[in-house]
Amino acid sequence: MKTAVYPGSFDPVTYGHIDIIDRASRLFDRVIVAVLNNPSKTPLFNTDERLDMLLTATREIKNVEVDCFSGLLIDYVEKKEATTVVKGLRAVSDFESELQMALMNRKLNRNVETIFMMTSSRYSFLSSSLVKEVAKLGGCVKDLVPEYVNDQLMKKFEKQF
Amino acid sequence: MKTAVYPGSFDPVTYGHIDIIDRASRLFDRVIVAVLNNPSKTPLFNTDERLDMLLTATREIKNVEVDCFSGLLIDYVEKKEATTVVKGLRAVSDFESELQMALMNRKLNRNVETIFMMTSSRYSFLSSSLVKEVAKLGGCVKDLVPEYVNDQLMKKFEKQF
Amino acid sequence: MKTAVYPGSFDPVTYGHIDIIDRASRLFDRVIVAVLNNPSKTPLFNTDERLDMLLTATREIKNVEVDCFSGLLIDYVEKKEATTVVKGLRAVSDFESELQMALMNRKLNRNVETIFMMTSSRYSFLSSSLVKEVAKLGGCVKDLVPEYVNDQLMKKFEKQF
Amino acid sequence: MKTAVYPGSFDPVTYGHIDIIDRASRLFDRVIVAVLNNPSKTPLFNTDERLDMLLTATREIKNVEVDCFSGLLIDYVEKKEATTVVKGLRAVSDFESELQMALMNRKLNRNVETIFMMTSSRYSFLSSSLVKEVAKLGGCVKDLVPEYVNDQLMKKFEKQF
Amino acid sequence: MKTAVYPGSFDPVTYGHIDIIDRASRLFDRVIVAVLNNPSKTPLFNTDERLDMLLTATREIKNVEVDCFSGLLIDYVEKKEATTVVKGLRAVSDFESELQMALMNRKLNRNVETIFMMTSSRYSFLSSSLVKEVAKLGGCVKDLVPEYVNDQLMKKFEKQF
Amino acid sequence: MKTAVYPGSFDPVTYGHIDIIDRASRLFDRVIVAVLNNPSKTPLFNTDERLDMLLTATREIKNVEVDCFSGLLIDYVEKKEATTVVKGLRAVSDFESELQMALMNRKLNRNVETIFMMTSSRYSFLSSSLVKEVAKLGGCVKDLVPEYVNDQLMKKFEKQF
């Protein structure tokens, strides 16, 4: 059974992520969407909230699991008996930093392979940080994130005012 | 009457910005230079100082106005009855993030068009942050910003010492 | 009256080009779509055929004219009493060569301004050469070019077999 | 059973290609290395020679087959009952054209997925055309291609003199 | 005697830096590795620690000196009677910001020349910040930095836990 | 004595090349400008004409020689007892192919070092092929090439008509 890990911050999950998850789920027997729990960053949503939104967003894709991890990605991949890391690429600037990470990860563990999938052109402009910025300023992001995520964003930013 | 908005931080305005403003003023009947008032950033110059420097720098270009805004750019553009956003491009890294912003803005409001103008090759290395960094370390930026801006930079950094 | 020239090979015109023409027609009083008649290249469609397809594709946009030119673009722009060149940008590789052309054209004539518009994300992968390649190999390009262009492509490639 | 197609010109196969083939063979149950038979190009090695070199280079990897195709890649992929196209990425310039091809192929057939693998950093400078150029000028390419390919290159260029 | 300055943060020095230092030492009569003492950043290692690691790492290259500086790079270069700044390039994103810096420095002082050397492909993924990130999470960086630097990293991160 | 080779097609030499030659002549004791005699390309000017224009353009820089070569660059560099190859970089697209060449050359001969110098921002849009294209169409290139080269271009294109 081939297992892939799709790591990220998912703060929050967008339709761009879901597009990659959906397509990865057809390539692999099992896809683990792994939320990075990075103590040195301050996300908008805490790990539980991010997991919750991801669970809601992916519940209809059978071979997808949602989990969180801290520490080195390759250690997590190994622990999960996965062999592949899936990353989405949108643009050239993604490409360079992702290439650097992929080469570093290969250096650290030759048995873990990173594959890249191109984000659908209709989501090529989409990122979690842009979604947060627009939502914070009162812009409509209904077409960019699932309804449940949209609701969470609205609650979060209402509280701030 | 065609109105364009040229948004930015202008912290402070440089000859690179003025080159774009001057050229945009020939393409449009009216150009609004719009200072972004972003509460989550700490600029070197406050909004009033930035407006003041822009006013001085553009007072000889008749169809140019200077203003500030907060919130979503497209909301501001609509309120001003403008139809076009003007951005300057210097380099590939500009290009990618600007493309992302332009596509997002089109998503939010199909009636607002973004156009890009190439920064003059003699200012291709110029940015407000580089100007601040050089001025802070005592380097001469006289050829890079108007005299009045140069004076303000010197005052600001004298105070810091 | 502000006139813009949108130059290109248009061999053949695609929905990507039409998207730019349509959006440019809202920014300018008059847009001249100018087919480059380059004797050192061998296009699939001759100049008359390319003009014919462009005319059909743009006949519903009132302030758009279709024309052809040879020689230097800036000479043509001046002859037409236009002040602006419009180019579409899809990707970073476009950006670099277009920047080079725009800077050269400014060098040759400071009065002609080049502006760039971002191609809609749904056409970001689209180019005339890719359309020809796919059509030649029997692939369906109905969603990528107007029906009339599709017919011309099919005729052209049928003849070749 | 998951089948992937790794298409290319392989004129000739290099250690960069073999690195990708080897790594892809661990991800998929079956990998078809598919030589593009493009009548409008004049390769150094004809299709039979290219197939021969690939067969020799990959004979020790069990789940790899070597084949050739003409026409649209996605038609070939479907005929082979494969679901995935594998491409190697070396650099930003690869990235852009590959992204364009991948998006076009998705447009033509939503069921075919393209995945990208990063070429090993030690082969990041390596391409078939650079190998041919160096070999033609008498440079040593022993570290860049398998011994058998090296022999074929030497034969080919001896004949030319 | 030609003197070059190789400036950087070196927080900490990696094999990528040492590769550049070693190669630069063959081009110039004297190479000064200059640690930037930037009060507005908080490095992992203080200036003394960074100088100490650099001294250990370069003690076998005769014409290399290690020093630190604050203020404008070009002022330091002039004070040292050097004429050349050496920078390493790994990737396109490096290239853009380095180009901007080099053009700004030429603007500030026409007598100081910047030259770029390509980082060895085996270190193309390597950066001080990636090394720190991996070491912090307990990954092995023995192949990426000298033994002494590895020891310092381990001490530093042990203290943090 | 440090010798550098600055290789290229120089078809014809432009002010961009001369800027690099001039700056390289200050870094090295001796600079050999080496015209590539590539039999598989058809230049506008033959090797003798290109050498002639380079000689005229560089006669006032004392430590510069002009020569031509065929075969592998690194073989020529070694024969000339040089240790360094100088290349000019204008843009990201230059960067990638030059990086590939530099890494290949290092692979072929570890003793030959490639260094890169940034083309002056005022010539960042300038290339021999663009100069030829503009001159062919009757555009003025007086500011882009030395007077003698301008005369040769005019003679060449007059003959063609």
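Here the chain labels run A, B, C, D, E and F in written order, and each chain numbers its own residues starting at 1.
Here is the rule we go by: a contact is a pair of C-beta atoms (placed from the backbone, for glycine too) under 8 Å apart; a residue touches a chain by one contact, two chains touch by 3 or more.
On a predicted model such as this, the values are computed, not experimentally measured, just so you know.
*Asks:* Quick one: which chains contact chain A and chain E both?
*Replies:* Joint contacts, listed by label: B, D.
*Asks:* Most remote chain relative to chain C, going by C-alpha centroids?
*Replies:* E
*Asks:* With residue numbers as the basis of comparison, which of the pairs B-F, C-D or D-E duplicates the interface of A-E in over half of its contact pairs?
*Replies:* Within B-F, C-D or D-E, the interface duplicating A-E belongs to C-D.
*Asks:* If every chain is reduced to the average of its C-alpha atoms, which one ends up farthest from chain F?
*Replies:* If we average the C-alpha coordinates per chain, A ends up farthest from chain F.
*Asks:* Over half of the interface residue numbers used by both chain B and chain E, so same, or under half, so different?
*Replies:* different
*Asks:* Averaging over Cα atoms per chain, report the distance between chain A and chain B in Å.
*Replies:* 34
*Asks:* Distance from the CA centroid of chain A to that of chain C, rounded to the nearest Å?
*Replies:* 38
*Asks:* Which positions in chain E touch two or more other chains at once?
*Replies:* 92-93, 96, 99, 102-103, 121, 124-125, in rising order.
*Asks:* Please give all chain pairs that are in touch with each other.
*Replies:* Chain-chain contacts present: A-B, A-C, A-D, A-E, B-C, B-E, B-F, C-D, C-F, D-E, D-F, E-F.
*Asks:* Spell out the residues on chain C that touch chain F in their complex, using ranges where they run on.
*Replies:* 71-72, 74-75, 92-93, 96-97, 99-104, 107-108
*Asks:* Using the touch rule from the top, collect the residues of chain E that touch chain D in their complex.
*Replies:* For this pair, the touching residues of chain E are 92, 121-122, 124-125.
*Asks:* Touching chain C in the complex: which residues of chain F?
*Replies:* Going through chain F, the ones touching chain C are 91-93, 124-127, 130, 134, 137-140, 143-144.
*Asks:* Per the contact definition, I'd like the list of chain F residues that touch chain E in the complex.
*Replies:* 2, 23, 26-27, 83-84, 89, 92, 95-96, 99, 102-103, 106, 113-118, 120-121
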